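Per-chain numbering from 1; labels A, B and C assigned in written order.
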Amino acid sequence: MDTFTQLTLNGLTEGSTYALIALGYTLVYGVLKLLNFAHGDVFMVGSFIGYGILKVLGGAGDPQVPVWLLLTLMVLGGMVGCAVLGVAIERFAYRPLRDAPRIAPLISALGVSFFLANSFQLMFGAQQYNYGIFFLDGGSLYTEGFNIGNVHIPLIAIITILSAFALMVALWLLVTRTRTGKAMRATSFDREAAAMMGIDIDRVIVFTFIIGSALAGAGGVMFALRVPTAASIGFVIGLKGFTAAVIGGIGSIPGAMAGGLILGFAEAYIAGYWTTRWSDLVIFSVLILFMLFRPSGLLGQAGIKKV
Amino acid sequence: MAAAPLLELRGVSLAFGGLKVVSGLDLHVAEGEVVSVIGPNGAGKTTLFNLITGIYEPDEGDILLNERSIVGLEPHQINRLGVARTFQTLRLFLNMSVRENVMAAAYGGTKAGVLRSMLRTPGMRREEQEIRRQAEEHLSFFGERLKGYRWDQPAYSLSYANRRRLEIARAMATGPKILLLDEPAAGMNPVETHEISELIARLRSEAGYTILVIEHDMHVVEGISDRVVALDHGIKIVEGTFEKVATDPRVVEAYLGTKAAVTK
Amino acid sequence: MSQPEDLQEPSGPAIGQDEWVARHGERRSRRSGWIGDIEERARRAPWWAWLVLFVAAFALLPLVSHDGYVRRVAFETALYMTLALGLNIVVGWGGLLDLGYVAFYAIGAYGYAMLSSPQFGIHLPTVVTVPLMVVVGAIAGFLVGLPSRRLIGDYLAIVTLFFLQITQTVLVNGDQIAGHDLTGGANGIINVDPFHLFGHDIAVQHEGVFAVAYLYIAIAFFAVVYVALHFLNDSRTGRAWRSLREDALAAEAMGMPVNLLKLMAFSFGAATAAFTGTLFAAVQTSVFPLTFSFALVITVYTMVILGGQGSLAGVAVGAIVVNVMLEFLRDPGDARILIYVVGVLALAFAFGRTRKLAVLLAAVVIFGFVAHAVAEAINPDWVAGPAANGFDQALSNWVIIPTELANWVGPVSYIGLVCLALALTLMSPRWRYVVLVPTIYLGTFVWENVLLAQPDATRYIVLGVMLIGLMILRPNGLLGERRVEIV
């Protein structure tokens, strides 16, 4: 039972991070019908920004500010930095191709992904960077917390999960309750019609990228709080985030959240009960099955095309 | 005793989500006939074509070609059985040459496999020449409009009217028994429209095709049709000769609204 | 010519005039000057002209250079050219974004390795293994293509990418499948047999130098594939593939079995990759799972797109350009002067042989010397970096090359360069001209101090930028036809 609790906790923590990435994919796909391959690398950049802020503020061993402020600044910094990056990517790599055949922005996205990952490798090397949160405040982030049975739920996990959920709820409110959100949804249904209704498509798209990238940035920082980061993590994380988005139904926001959690749990249970060696394989295979037999995912809607 | 119709729809229905696009549709086209389908936008005309050509599958009912059901077949299989179409919005292979567009459509009736093609066997070369000859023959049907020098030009360089003609030539190359023409006169000026009417007549008289046409331009419909079928909201409302259908109050109402029908 | 009678006889064009008018599109698209002449001649050349050019170049190379390194690079280039041909079928003709293409290359290589090495103790003759791997590749391509029936563009790309990931995972972990060592795991398979043809083992090294025989085999592979694909393209299958790419729905409606054609495209591409893989394994005498990575996919894609998707000769040219460039970037050494030559040529191309170009170059040079002097004045260590040879010495008087770089300098200068370059695209031409000067100088600084320090990352950065730039500026590549798309 304890193993189950521990694995569920792992799944929840990982899953909430995946959900953040999946949301970014879904948002951009909904508005642009483009799979933003570079999204995983934006995530990676976020984790590096967090690291930079951490170091500037003294590092985990000797922080110059209270812990809660430190973490908040790191996450915010990641969000802001990635938002800027996302806007730049959209502006320079995707916007010129908005009317080109579908393959063109996809290939451009591949180029951006490659460019980001290797640029960071150029600047910071290929090695891993550890936040060292374990040492922060005497390890309190790990020792504090509460217990379920014999399993200790560390504070860091609680913070991660709650923050991710808070962001997701905020996003949900934004999309469903505000005018901008409505504009986003309209654009995702029919871009031309939305433009004719007076919606500024460029601004909606930029806004979508800001939100999506900011979420990825937050996810990146939270991810790196637990696992060391490196310039090359973007690729696999991006694949997993995309898997989560498709499982949940691409284009659906609750779907992305659900997909992220499902993926997190799946990974945790497979790795825990079987082996980590083949967990990736199982996940990829599951994704392929989904795409074959239920491409609209769990919560997505099959589109109707007019011929 | 009349022969069985070449194409027949029996009680065909199709719905998208909650919207019924076609409802209990009965339609038949006898061999050698020219039948026009008219109706306001959204009446389900192009959907009808999509159903016949296998792009959509009906929820209910049956579609028969030469008394054989074609429901559930892949579109290319239906084409092989004798149904060819043009598209309302023109779907040419723009970056291929005019001749290649027509030659490509001969795929289904030819059989040189990949191995023979890679080795360029004499049999394959003979077949290639035949495909080319037939394509040029189909293009020549359009006379001066699609003249020789145009055959090597990319399809995107053609004028609008010529593109429509090319689409018809391409459909002809698949060797069909029945041609489905989706708004062949759309966007044409009066001269070109007149040419299209003559063309459709020639398609039947010289080339022997059976033709089902969707059209909005009533001059064309009047000039070419043996029979007219009027649709509205996916239901057949009237069928008969042009005179009968054009003056039917239900048709007038469908196009112009209730008041117009009453005042007529 | 617009008299009333013409209205009654619309189908009577004025002979000579109508055709001349109709052909004006061709005339307008022809570029002026000698470039236009060359392009025109290239377009009219018979299809085999390019092939003869390639084969002759590669055949004559060993006579020109006895350097083993050069021959090795030529061999790899020939391999890439064949790989690019295969990818062209899937992407250029079928319009299918297959991101897992390299997995079939791996299948061919590993298959050969498993059948011709101590791994299982099997040593099948080459003339059996190679055709066998072609067939296995074709089947694998068919199977992977099966999901493509229901998937459009982006989804297909992801599924194929996942297939690549699965292949890599299997290869890396394949030393423990149910207790058996199938693939040698992360250490791969070594001691793979060389090719055995005409009764002789063909050694990879001949007197310490790369064997010319393999160069010839590689170009023979390329030629065979090239001819086969050309004939296939000029047949009903090729037309059907290209129709499928243009408009799959219309192709289906015109009697072409689109799903089957997609599978065939996948199959042929995979078979070509597997074919190339066998030769790769034989010459490497070993296979490792990490070779067949996403980075390799990007590399081949860049070759295809740069050369011009859809054009056989084009993708071969793309392969040559990209591989030579990558090789150059691996360790520029004495060839560093080339990058400056290329840079000047690029500027010349952009500005033409005008006064503006001369002024720009002069401004850059002057700016450089000034900056250098200022830097030297502030701190001599800033400009005292190592200089290996004569050119470097002259250069180090111009570019700022410090003895050692503080940690923050690299990232800041690089990011600064990227931001400046992006900003340039947003400026008006006048400002662009002015800001270009410091940008170029910063570029040389970054090149000398940052990019050269990490050639691995640099080569892939260049590829990434090329892909983005090609898609935006010239999606039809070097030799591809300009396409008209309706979206």
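Going forward, contacts are C-beta pairs under 8 Å (C-beta built on N, C-alpha and C of every residue); 3 or more make two chains touch, one makes a residue touch a chain.
Everything numeric in this text was worked out from a predicted model, so none of it was measured.
Novice: Based on mean C-alpha positions, I'd like to know which chain lies farthest from subunit C.
Specialist: Chain centre farthest from subunit C's centre: B.
Novice: Quick check for you: compute each chain's CA centroid and the global CA centroid, then name the chain with the smallest gap between them.
Specialist: C
Novice: Need the CA-centroid distance for the pair subunit A / subunit C, whole Å please.
Specialist: Distance between chain centres, rounded to whole Å: 31 Å.
Novice: With centres defined as the mean C-alpha position, give me the subunit A-subunit B separation in Å.
Specialist: The separation of the two C-alpha centroids amounts to 49 Å.
Novice: List the centre-to-centre spacing of subunit B and subunit C in whole Å, with centres computed as mean CA coordinates.
Specialist: Here subunit B and subunit C have centroids separated by 43 Å.
Novice: I need the residues of subunit B touching at least two other chains; which ones are they?
Specialist: Where subunit B meets two or more other chains at a single residue, that happens at 55.
Novice: Touching two or more other chains, which residues of subunit A qualify?
Specialist: 307
Novice: Which residue numbers or ranges of subunit C touch two or more of the other chains?
Specialist: 249, 485
Novice: Write out the stretch or stretches of subunit C touching subunit A in their complex.
Specialist: Listed in rising order, the residues are 95, 97, 99, 147, 150-155, 157-159, 161-163, 165-166, 169-170, 173, 176, 249, 294-295, 298, 301, 305, 410-411, 414-415, 418, 422, 425, 450-451, 454, 456-458, 460-461, 463-468, 471-472, 475, 485, 487.
Novice: Can you tell me which positions in subunit C touch subunit B when the two form their complex?
Specialist: It comes out as residues 7, 10-13, 18-19, 22-23, 25-26, 228-229, 231-232, 235-240, 242-243, 246-247, 249-259, 264, 268, 481, 483-486.
Novice: Once bound in the complex, which stretches of subunit A touch subunit C?
Specialist: Counting only subunit A, the residues touching subunit C are 33-35, 88, 92-93, 96-97, 99-108, 110-119, 121-125, 235, 239, 242, 246, 277-278, 280-281, 284-285, 287-288, 291-292, 295, 307.
Novice: Which stretch or stretches of subunit B touch subunit C in the complex?
Specialist: 53, 55, 74-76, 79-80, 84-85, 87, 91-96, 100, 103-110, 112, 114, 117-120, 124, 127-128, 131, 143-145, 147, 149-150, 153-154, 156-157, 170-171, 173-174, 191-192, 195
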